[in-house]
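A, B, C, D, E, F and G are the chain letters, set down in written order, and residue numbers restart from 1 in every chain.
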Amino acid sequence: MAEARPLDALNKARDKKVIIDLKNGKQFVGLLRAFDIHINVVMDDTEERVEGEVKRKIGTAFIRGDTIIMISPA
Amino acid sequence: MAEARPLDALNKARDKKVIIDLKNGKQFVGLLRAFDIHINVVMDDTEERVEGEVKRKIGTAFIRGDTIIMISPA
Amino acid sequence: MAEARPLDALNKARDKKVIIDLKNGKQFVGLLRAFDIHINVVMDDTEERVEGEVKRKIGTAFIRGDTIIMISPA
Amino acid sequence: MAEARPLDALNKARDKKVIIDLKNGKQFVGLLRAFDIHINVVMDDTEERVEGEVKRKIGTAFIRGDTIIMISPA
Amino acid sequence: MAEARPLDALNKARDKKVIIDLKNGKQFVGLLRAFDIHINVVMDDTEERVEGEVKRKIGTAFIRGDTIIMISPA
Amino acid sequence: MAEARPLDALNKARDKKVIIDLKNGKQFVGLLRAFDIHINVVMDDTEERVEGEVKRKIGTAFIRGDTIIMISPA
Amino acid sequence: MAEARPLDALNKARDKKVIIDLKNGKQFVGLLRAFDIHINVVMDDTEERVEGEVKRKIGTAFIRGDTIIMISPA
């Protein structure tokens, strides 16, 4: 990976499975469908995980960017 | 769902039942009526839930965007 | 209610009794008189409630928008 | 009071005694002398109150807007 | 004091001794030398006080505006 | 190092191993690949460390800038 | 020191040893090399101190401005 801009890396992850770490300690895992410059994100097939355990099956999720710590490939 | 922008996903959820997770740990469940770029949201037939239990019937609710973690179909 | 923009819903609530939930867990109940795009709000005949009990009669109150979680009809 | 904009209500309170509730739970009580669009405020004859008791006599006080929850007539 | 704008009050306090209350509960006391619209502040002969006691002699201090609750004459 | 602007220092660290301290007390260690003016960052070969111990191997990580305290060479 | 603008004071401290107090209670001590209007800072020969004790030798450090309370000569 050699992109100059952070959003290029998110773009490569589009339609792939990602883990999103939230500021409240939870994780969302699912397919990254869309994002914008605020890092607002839409995922499909989303699961909420707390300490590694699946707590909820959510389907499509709109996540507000300012609650996100990190996004990485799952 | 294949939209490029996160707000497109919210637009598809308009007039449908959604769950909104708040930063304070509560949830609002109701019909998504309106939203803007700050993710300020208006819902109808809103219920406040805490740990899955309905705590309040609210009717119409204006929710300030910066208190929201996630919006998903109910 | 079928408005496209969240502030339209606030506009309909003008001069009506509303409940405002704050981030600190308190509520203000009173007549919604004015608001702006930051969701700064002015209420009349305001009461402060904590866990449902009236703690203070305030009269007119200017409330800074970034302290607000939700506004709904009382 | 029937003004359309929240800052109009603050303008009416100019040179009158007001109570300012802060996010840290304290209150400042004094004469409202000046404010701006960030709700930065200047008061004269200011007292700091904690749970209703006067803790400090401050005189003139410049208060940063983002620390304020509410401003109301004293 | 009858200025219309809050920053006018800070301007009058320039080169005078002021107390700055911070969001973390500490105070800085010293000569107000400079400030800007973000309320970033520079003080000289600065002392850090915690619950009224001098904890540190700092000399010149640059203080970031978003950590400040209040500025008042010492 | 004698650059006038902070982002010049980040630019020098590009493709080198860095430690990122987060506001939640965790650290990410990896190769700095990209950053922007918000200090959003992309790393490769990322490890999450808590109190010095590796807790997770993450690979590529997009980190939102407002969660970052410090970035330094590893 | 008689500058009108806070950033002038930071400019005078360039290439000198400074102490930076962070919102998380820690301190960074080192040579101030660069800063910008967000108060993002680069230091060299940086030490992290907790309650006065050196906890880490860091070398060059990029510090995000919104984590900073105060910068003062060491």
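As a convention for this text, contacts are C-beta pairs under 8 Å (C-beta built on N, C-alpha and C of every residue); 3 or more make two chains touch, one makes a residue touch a chain.
These numbers were taken from a predicted model, which means no experiment stands behind them.
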Contact-graph separation of subunit D and subunit G, given in steps at minimum: 2
Between subunit E and subunit F, the fewest steps along chains that touch one another: 2
Averaged-CA centre spacing for the pair subunit D and subunit A, given as whole angstrom: 42
Approximate Å spacing (C-alpha centroids) for the pair subunit A, subunit F: 18
Residues of subunit D whose C-beta touches two or more other chains: 66
Successive chains around the closed ring, taking subunit B as origin and subunit C next: B, C, D, E, G, F, A
Residues on subunit C engaged by subunit B in the complex (per definition of touch): 1-10, 13, 23, 39, 65-66, 68-73
Of all residues in subunit D, those that touch subunit E in their complex: 22, 24, 28, 33-36, 40-42, 44, 46, 58-64, 66-67
